[in-house]
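A, B, C and D label the chains in the order they appear, each numbered from 1.
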């Protein structure tokens, strides 16, 4: 912990960063995001394997961007998000310094995104076993039962959009649900509109989701929404061999056509 | 609520025979937003249009729907009428009641219901229409002609003579194409080269024509008026500026056993070569695949003997970028060769030859200097059998179409042979004789009646060799299907005309469509036979379908005139049906996220990165996508792709599309 | 609004549609139900919710003076879904109307005083209602001055009315367009409204000022008026935050604890100074 | 106030009798996700008894997520017909609210009915009976004692039940409460104090201090830092028992459909955005400040009540783990 704090202190001192996004311990004893603007606050900084939040989502916030030079303490999901976001041209307006703590508890300060890319590729995470188990279970259901499962789940949704808010890939300044000319999706909390919203979100994240699972973790009504995008990613990998958050020059299945594509109709 | 007028056309009886047009108009009048509805016999006629114009004024219409034929037919007509009536032409939409309804359904109530549904969807769309204004784009007044055969030559000369710049790109070392290989031409029997070579020279010397031979088009991007073309100038290994065309190099070249393409494989050429004596430019290239120096690293004789020091082995392909406003595709054709016909000898009998080979045998510039001698032993054949329709009109061979020129050139071949050897016998097996064309039938009759060519209506089943003779077994269907067997010295197959082997890839480079035989597709088989579906790209010659010289030349001139029309003004107007990235007030500027993933999906490369800057400080405020309205073809791929609907297609906006769907789903009954 | 349920609208018919510029139109609305017409009364400064069922509601002030009964007028610019749907309406179409909501200008307190109006762009309509109310009882007021500007000539609202006002001769008009927005025929001022106001300051004795416009005009204009000697409680403005309910419930329009829809939209500069900068 | 007692064994009987009486009974139910939600139940065995706080409040009974304001139909002549029928709003009993929630109903009632009374809320509130259950447990997010409430607080409830071993202490505050009491099951109370059975909720701050310091808190420099983690979702507002912001939406075509009011949240970036693009509360700092100032200052000024009841839901639900009482403490720091 000290190692990390010293490193961050150094970054503040030599002017590399003027805002550090990291983790601190909350009253409830769990690690929560913290924002360090002054060297005096550095000692609250912690990093444990329970640091699950994907902090890259904060890099979209105008208040955070204002800082200009930002340090970010990233877990592997966050690193993937940073790689994916770079491939989507999202970081043209900030200077960021990326830190991580590896398995051996060494603090790594990446000098550029290429290094992050290499690190991600060398430590690319598998799908979580828990997710796979649930997905397998859902696969085992009949079509009708699966449909029932999801309609039941979505009927609880109240469209608070917390899933969107925590998602680093949901950075559109105006989400499709907010487009009202035409109004694609009913924004009132009714079951049909909910289904449309979640299906749409899954489609928009297919091949872009970096499997951090934040949306499922934070859903106030407990819908495992992340399974949808995880499943999409699984399928895209199976069908097209693409992995999101893997390369800076993105390989996005939905915007590219390759001559050896399975579907010949497009030729 | 908008005030929409609905005009239902009977199209004579084309629509009214199947659809209850009066009912459609009556129902339309009840639709929300419709202020006026009527039906009329011919909406596209002058009185019909006048009715539209008057109704717009009288009923203060804010939009109109014309239920008629496909918008491809009369959309422009009705939009002009709308404009005359005083409303923006893009507030006029067509409900296709002919192609989508009356022509494809029987007269039932359901058919009329479908017509009403279609009108309803379009009415709802029009209620969401916004005025659009044409886009002006500049025109680069240079034409690219791809292919230096007679089609390309004719088109290039016509355009150049009209005062515009022309760039001609020819794949082989010389222009001239297939026509330069021909002996005499039907139906006049004048010498092909005699009429062609002056044109070739004219191309070479024309101040408005830039000629690139031994060159290929690498890629085409851009759009009508503004194409960006990359041309690969293949390495000739000969410095054109130094070479005098003296011929020393090819006389001394030791690789002499390369089948000569110009003579259709009937003779050999060297590795450094100029294809034929009248070649334009008459300067050689090195065929690196067959050159000792390039293959084995030894030789270098040509370099040693060249008095001008023009040989350059280090020369590399060069890619040049050119900007052109329009393109003539005149890439020509190929023919099936004898190996396509196992039943006629697999290409193994030397004396079974194809029509092009016969041309070379009959040509004064050919390997036999115009003497018709058979390839195997050089003897003058006493009996020649000509087989018309070799491959053509043969479903089993996969070629259903008629190659068009074979009937004529077969008659010509037989005639040329008979003229040279009055004592010889010429037989022609044919299916039908197709000799429509000025003086064409007379020509065939002359072969039969004056030159004593034996025409046998029937197919040849087999050809085999026996005692130095080719036994041709067939039937004469006019003689009670009696078997016919001819002992021939030579057999000439009028093999089918086919597309070039690389036609598919050429079409893909040009973004033009092609048929299943890889012949390029015209925009409309009758009314736009010269244009392709890609605006600004024209077709000339046999790359479109089998054609004889007069047809080819006519089409080439037609293509040229289309281009001259295009070049007649400095800018042209385009329909505003293009995609646009939305813009709004600061601080948002646009809802576009600048992810630029759409750059990849645009087939026309019409999307670019835009930096929105503060007007005073120049600071970048936002990065977003931007559509180049000139390049955009309005295909809508980006619209479908954009996650948060930041791109919309003018005239087919999300709002309009959804309103159509909603109209269909929310119908009152 | 005396209806018990504030959310059930009146039905009103578009009696007249006037295209002010390419995307600005004025509707004269008459009640479908005569009883509604009798029950409906409003005061200058109040606003309504105008709606196209199926598309939603949009908030505009009432643009016609409370001295003219039997109809209400509204003027709006097409900016979003609802305004687009409204703009798509034609004469005789029926739309929905809720209101009137909010407070009003204390016109009775202005009797005998000079009144200065400062406004820009699409913010003339909320003041036009006041100006016409004053003109309809012209004798009760002193000098009436109007400072009005728009981005360009095309975007000036109520062009015909501006000419009528000019022809009256009993009011001072300072009509301006932003630099670059003028046409060759333009004879009036060129420059931003605050600039013109500063260069031609109104007399502040025995006078009240009313200012309305985009947030930037209000923010720049009010200090200039104050500098010209208008006391803070004699400068009035009308704020236009996003509104949905009109009755101080939905929360969209809040400026601090203040609900613009219920406590406003008319405020004095003094009141505005006491609010956070959230308008 | 009437004090009675009921044996624990009789609680299910009382509950099931309420169901049988034809009322809709809404009670806490444990869901597969491990969270407890209010929903309509048929029998007491569905009811969860072991929970600190439900994930969402019960406000949706009187202020539904989506409420139909009216439906409309366009007639042939282009005129509209507006219909609003609330006759089928059921008599509802909310069972198992925590005392903080029932006091939230007091605020809601003031908010909706004091000025421009809201027809819809009024009717729903009239037809709702609140039977609360005091808290025997609390967690680190609970802070009712800081906002002047306590785990056994009776305000707002029609009936408050407090478990005391094998019986319940019953406080009946209203006539409505009395009317649902099944006299056979209840006996008069043997005066025992309920205090010892209540949870101990730590006081995080003193409202008296906050009340004073919040007057100048708008300009605190801490807002930015305190809101840095806020992602602008609506989870806090939607789970809050006193948040009342809503949006009005039309569903349907221009021919027929309904006008709905649905929950909205002041944290959403679009919430205050003008059609022109101008946004008076243009950043999350301003929006978070609005939410907190509203709870602790504005509602005091407008209604005389702090509109935060210390239920702790927003703390538990926040994806960024923002803590409302920490925020308030920090922005009112001397």
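We take it that a contact is a pair of C-beta atoms (placed from the backbone, for glycine too) under 8 Å apart; a residue touches a chain by one contact, two chains touch by 3 or more.
What you see is a predicted model; the values in this text were computed from it and never measured.
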Common touching chains of subunit C and subunit A: B, D
Pair sharing more residue contacts (C-beta pairs) when B-C is set against A-B: A-B
Centre-most chain, if every chain is reduced to its averaged C-alpha atoms: A
Centroid distance [mean C-alpha coordinates] between subunit C and subunit B, Å: 63
Rounded Å distance, subunit A centre to subunit B centre (Cα mean): 50
Chain centre separation in whole Å, for subunit D relative to subunit B (CA means): 72
Distance between chain centroids, defined by C-alpha means - subunit A, subunit D (Å): 32
Where subunit C touches two or more other chains, by residue: 80, 93
Set of subunit D residues in contact with two or more other chains: 74, 78, 247, 249, 253-255, 276, 278
Junction residues of subunit A - those touching two or more other chains: 174, 181
Chain contact graph, described as a line, ring, star, complete graph or other shape: complete
Residue numbers on subunit A that touch subunit C, as the complex places them: 180-181, 183
Subunit C to subunit A touching residues, read off their complex: 80-81, 84
Subunit A to subunit D touching residues, read off their complex: 26-28, 30, 32-35, 37, 53, 57-58, 61-64, 156, 158-162, 164-166, 174, 178, 186-190, 214, 218, 220-223
Parts of subunit D lying in touch with subunit C, wherever the complex brings them together: 69-70, 72, 74, 78-80, 82, 84, 111-112, 115-120, 218, 244-250, 252-255, 257, 259, 261, 264, 266, 271-276, 278, 280-281, 286, 290, 293-294, 297-298, 301-302
Residue ranges of subunit A in contact with subunit B within the complex: 88-90, 92-93, 171-176, 179, 181-182, 184, 204, 250, 252, 254-256
